[in-house]
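The following pair of complexes shares a single chain, chain A, combined with chain B in the former and chain C in the latter.
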Partner chain A sequence: MSGSTRNRGWRRARVVSCLLGAAVLAACAGNGPADDDPASGDGEHPGATARDVNAGKPVSGEHVAHLTVGISGQVPLVDPAQNIMSGMSVNINALELLLQVDAEGNLEPWLASEWKQVSDTVYEYTLREGVTFWDGTELTSEDVKYSWDRMAPSSGGTSTIFAAVAGIEAPDKYTVRVTLHQPDASWQYVPAMFYAAVYQKAHAEQAGEEFGHPATLAVGTGPWKLDSLNPTSGMELSAYEGYWGGKPPIDRVSVKFFTDNNSMALAMRAGEIDIAPGIAEPEGFVAAAGTASTYTTATCATALVSMPTQTEPWDDIHVRRAVAHAINRDDIIAATQGQAGAPLHTLISPQLFESLGSSDEVEAALEEVETYPFDVEAAKAELAQSSVPDGFSYDLTIPGASSAVAQVISAQLAQIGIDAPVKVVPDTAWFGMISEDEPMLTFTETGACTPDPDWDSLFLDTDDAGEPIGLNLAHYTPPEVKELLNEGLLEQDPAERLRIYTELSKRVAEDVPYVPVYAEGNTYASADYDIVEYDSFWMNFPWLLNVVPR
Partner chain B sequence: MTGRAILLMIGKRLVALVVLVAILSFLVFSLVHIAPGTAVDAYLGGKPATPELVQLLTERYHLDEPFFTQYWLWLKDALVFDFGESTLTTLPVTDEIGIRLGPSAFLAVYAYVLTVLLGVVPGIIAALRQRKLLDRGLVAGAVVALSTPPFVMGILLLYLFAVLVPIFPAAGRGEGFFDQLWHLTLPALALALCVAAFLLRHTRASMINVLDQDYIMFARARGLSWGHVLFRYAFRNALIPVVTVSGALLAFFFAGAVFVEATFSLGGIGELLVQSAQSSDMPMIQALAILIAVLIVLANLLADLAYVAIDPRIRFEGRSA
Partner chain C sequence: MTEAAVTAPRQLTRRRMKSRPPLLIGLCLGFMALVLLVAVFGEALAPQDPSQQDVLGSLAPPSAEHWLGTDGLGRDVFSRMLAGARSAIMGPLVIAVVAMVCGNLLGLLAGYRAGLVDSLLMRWVDLMVAIPSLLIIIVVAGALGGGYWLAVALLTILTIPTDARVMRAATLEQVPRPYVEAAKTLGVSNGRIMVRHIWPNIAATAVANSVIIFAGSLVAIAGLSFLGLGAAPGTPDWGQMLSENQPLLFTNPVASIAPGIAIALTATAVNLIGDWVYEKMSRRGAAR
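Then we have the complex of A and B:
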């Protein structure tokens, strides 16, 4: 199975889940907020501070008897193999990962104390000794193998992310060996992503088909035990005394599910919830929530305007450049009610380059990438050179969630003579148009990203026949781009990968199939608590360990 | 109407229900094949079409069998309440509906009781105090309540009684009878007020109409007490139009409370219905369509039985003496 096909389903699932309202999935900030972020005036904010304690330890030892967490959306079950969205941001406090991504975007140990890449396709992880499940039995490599094997499509798992895996072995009690079909540099991050969570094999086998369901749940090694789940109202968790990092500081955690942002804010105001990560429309939330304040981090996910490059008049590069110059990011960001993280000028977020070189190297590389600053005159000049110098009319087709932003974009395009009336379609119709390859001018947020620059291949993917797949909304299919994408995954040397993704960025910037608008934001709200290191990957980590009282 | 006639009526209705559900089941089953794309796409519900998953679904839903065989196999499962698994959450559809059924039914009945209390009682009072200050006040209040949609009322009540004066909880549905009663008071009020206002005006008009009838004056002239005339003559007759809307109302409160469910984070049937429609969750849509049809038929049957209780002259079907 080729790399592109492998990723298609997961990406689609991720995007679907996001747009269906699982804002909690928006887990992808980079390293702290960007300069323009109103919530990040100073670097002192706990959200922007890195964890300074060892793996398994809480940032604050202060005892909290009971913490109530509000999340938007519902948790139907806790088995990542059956449903990628399953536990959302709650699971991760109970079912742990082998690795974690630190504040600088580097991999750090968690359940695995060491790991190494044995060859281009073989990775070996050494488990920490003495880690126990909630029933006291020790975590072994068999549990990891079992958990990950169940993610493979061949075992009926709904995720395709593990399709790159040729085999998983457990040669001894503490060693897990993963062999890939072909080199794939983005694999290194998978053991640090929430869907690679580990649970107890014995319990899962005993539970059979009921595994992960509300009545059976799952048994993990995490600092908090899953006590109960009601898919419509909430979850209860309690501290696991025998946790390998020491007894967790919060005794009991109640999670409440909300379907409406405003209601969640009012519940916080009424004192019924203490903290709410992953909220939407921070400005509105704060207005309703009283004394609570929010912290927003800019993530590595890209919100963008997409133009159908194979359809008239969008096949004209001058039209696309005109649009790129006509977009005023600041005004669009203002329309998001604090939901946007920071303005963004490149398709692949600079944050995703950070693991590929020193900050100087990355900066130098990114300087080569062309950007299109807001400039109405330049936009008009580009349009004058195009096949439609007097402007034209084309619908801006969007799912309901983007309607406020779309109105602003439409008004900005009107300034240069492009009449783009906003056409709101139901989510399913919008996805239908994508899968039918119907051309559309659109705007989209994806809601989640992974730490590797290959993440943005989501917007550039083509199948073996060169047809657009995944979220390739622009129908942008140059063979050179496909080659660069493949090279980027096969190549293992970071410096070389930096070169490849810079090349790719330059090419995409030159052709402008997309106008990157802003880095998506992720926000938590609370009156009494903060979450330390609230960045890209906060929910790929037992983030309750990072909660500190104000 | 004799006891036998009533049983006959119930029997006939139940037979009609079975026929209706049979027809409906065929229609909702066909949805999978009518929907855009193949039947496999419908069951995939947006998940990636890996060969393994396609094969799994083909086997599970017998998609390689002829259409009528598929229907028969599906119907056999449906008869024992097995509608398959939700494509959105992968939980069994029956489980998903099961956990929401209780609170939704509680909310519907609670809202219904409140509607009747807040609609009928003030309606009668207004009719008796016709054109007096109290009447004017009640009617004016009803106009305001009638023009306030439940989701606005919900936010208003939430703000007033859960935030400003925190007497009721802001979210959730509670466990056990009294806890549920406490949790669901605001949602039930939000649902009930608008409809109660409608019912108030309805009751008032029909009561005024009845009070103007000659037989009321005649009964009074015979020297019957006012209370007796009011409850034996006027009230019973005025209640008939009220009962007419009851059946539809119960079903509406049950499945149509989506905004209120969202406002108070209740997780009910209405929300499930919208969510499954949005995500094309086919097995869930099928089960909910049948459930709601059955409920509507049963609620109307209850309303008809209430007719008979109120006015024995009313006959159904047989028109026997």
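Then we have the complex of A and C:
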């Protein structure tokens, strides 16, 4: 394998992670809306407030005897290696991570008190001493090694995101050393992502095949213990008094599963749930829930229109630029019922650049990237220069969740003479079309994102032969783009990486394989509580520690 | 004056009154006439373009400008209701007519010819009736991507056997009757006996069954559209509107309730009219 190319499994893994994340967040988030400023993000809202207490400590000392949480979807089992979705929303309050990532994308200590990059391919983590599992035994590097080893597909795990790892060692009780196959600047964030949760090795070994199932569950170090799981109705958690951060502020947590947004809203209206950490269509939710209010934050994930660049007439740059100018982001965002975070004009979200430089540096870099403001006349002019000056017809193929947005896009394209009837296909058929490389005009939301700009490479990936893979829906395969992607991973210097990803963004903007529409949003709803520091990465943190009574 | 002379006018009046549709049926006929009118001229009657979006003016409550408010994409719900009548009527009508023609022919054939023909046709009918229709339609339409006419085609195919079974039973009742024997004796062809002699005597059942099929199909197509397997997204269609506007139950409840009421009223009206027609035809047949 070339030193600059990741293997296919790694990429596929990230796609799977993202799509599963999307499934949960889409379930959580639906296909919703927002305006330029999400749900009121004035910076004063508790959701936008940064944590100002030490790791492991709750934001509020106010005691809560019982909190009922509503989530969309179900949790069939809690083994992170078999069901990474279960790591989101609930598990993360029980099974913790070595690091945390703050809203700006900076890494913060959690179970690891220190970490360092020993070389381009070796990372070392020093565990916090005195952290105990719920049975009182101490967390050691062997537990971390065991948990992470099980994540790799070669060990039976479903998260191939760990395929980049050449080996994990536990040289002493508190040290974990990870060696990668090749340099990968995006690895630094993996120990802070929900799929890297740590649990007790002894319990997992004893449970064997049953590990993570309702009868055995899992043993972690988190502030809340997993007491019971009913895969169809909900979970029960209780405070772990010996938690390393001190006694958790909430004694008992009941989690209820809901199949759709409306039933969850009605449950909140009836007082059956106190808080819903991830909801869809906030405006409709509030109307149905009555007294609840919501807070939406823009995430680093990108919702976009994709055009098949290797298929006529989309191989004509003028057609793609015409579409880019025809897209009215404000209308599309309004159609999402408060779910979209904010308008987006670049494939790689500005949020993902934050870890590479100061705000001014990032702003200056992104100013170089061409954008296509909504302008019907400019769109018509571009189409007039194309091979199809009189317009054409092409299906807008989407999974059901994007139906409302797709109808708006279809109407906007009709204004410039492109007839794009909406064709809804089942999710499985849509994913099948992607894996079969079938060309399609489509719209997609991807859900959970990771804090590195390389995250967006999932839309640009190609294999060693230069063929599109993963979520490269546009079949966009210029070799220069592939080189820039590889360069961005190999380079460790943030300033240099900022330059590389700026170059990449410029190239992608020139070719317009995708029209970025909006930054996807995350939304929570409650009548009585808020979640402090509710950002892109809320599901990677024991967010119940951030719950504050209103 | 004889007793007959006294009672005859009363009987005549009663008979005349019975021949007139009762008030409820009158209302149903009026309603269906309105629905048919709207189905034919709906788009032209609509006060606004049913597909015109005004996303920033979405979720408006009922007003003078928008009688039933606007939906999530700012489209006029009243105009979409009018435009949606066509797909509500068209599909069930096609299903009812095709199922009636095919089902009647198969039922007559099976009931009249008996023997091997009857056995083969009825075993096929048994097989088809044993299949859970809606489930099969959901699976097939889901696999093929859905679509209004696909749903209509599937419903038609799965409805024919039901109609055939009913018509066979009605035919079996007629076959031993003297008029059939007489026709056979006179050398009338089998086809003519089935179509010209037997069918008119079971027409009441045929019409009543078709009306039931129409009403059932109306609800089934609306259900499939609700599940995203019927009309294409954005099409003004009552089932589709019911699904799309479901989240608006607390913002503009009229937008989600109106198509539901329209579906329920139409299905009920058709059923009541069907019952009334059956009674009328049966009475006329009995009188004959």
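By definition in this document, the second predicted complex is superposed on the first by the 512 of 550 C-alpha atoms of A that agree within 3 Å, B and C clash if a C-alpha of one lies under 4 Å from a C-alpha of the other, contacts with A are read in each partner's own complex, and residues count from 1 in each chain.
In this text, a contact is a pair of C-beta atoms (placed from the backbone, for glycine too) under 8 Å apart; a residue touches a chain by one contact, two chains touch by 3 or more.
Note that the structure is predicted; figures quoted are calculated from it, not measured.
Novice: Contacts for A:408 in the overlay, against chain B (first) and chain C (second): which applies, first, second, both or neither?
Specialist: Touch status of A:408: second partner only.
Novice: Does the superposition put A:438 against chain B (first), chain C (second), both, or neither?
Specialist: Once the two structures are laid over each other on A, A:438 reaches no partner at all.
Novice: Can A:335 be said to touch chain B (first), chain C (second), both, or neither?
Specialist: After superposition on chain A, A:335 lies in contact with chain C alone.
Novice: Answer with first, second, both or neither: which of chain B and chain C does A:262 touch in the superposed model?
Specialist: In the superposed model, A:262 contacts both chain B and chain C.
Novice: Return the chain, chain B or chain C, that is in touch with more residues of chain A.
Specialist: Of the two chains, more chain A residues are contacted by B.
Novice: So, does A:76 touch the first partner chain B, the second partner chain C, both, or neither?
Specialist: First partner only.
Novice: With both complexes superposed on chain A, which partner does A:281 reach: first (chain B), second (chain C), both or neither?
Specialist: The second partner, chain C, only.
Novice: Tell me which partner A:426 touches in the superposition: chain B (first), chain C (second), both or neither.
Specialist: Both partners.
Novice: Figure out whether A:230 sits in contact with chain B (first) or chain C (second), or with both, or with neither.
Specialist: first
Novice: From the superposed pair, tell me which chain A residues show up as contacts to chain B and also as contacts to chain C.
Specialist: Chain A residues touching both partners: 262, 426.
Novice: Where on chain C is chain A touching in the complex?
Specialist: 51, 53, 55-56, 58-59, 72-73, 142-143, 145-146, 228, 232-234, 244, 246-251
Novice: Contact residues on chain A for chain B in the complex?
Specialist: 8-10, 12-13, 16, 20, 74, 76-77, 82-83, 153-154, 156, 158, 160, 163, 213-214, 230-234, 256-260, 262-264, 266-267, 269-272, 426-428, 431-432
Novice: Which of the residues in chain A come into contact with chain C in the complex?
Specialist: Against chain C, the touching part of chain A is residues 261-262, 281, 283-284, 287-288, 290, 330-332, 334-335, 337, 400, 403-404, 406-408, 410-411, 421-426, 429.
Novice: Inside the complex, what are the residues of chain B that reach chain A?
Specialist: Interface residues on chain B, with respect to chain A: 36, 46-50, 52-53, 56, 86, 88-91, 95-96, 99-100, 103, 155, 158-159, 162-163, 166, 169-173, 261-268, 271, 278-280.
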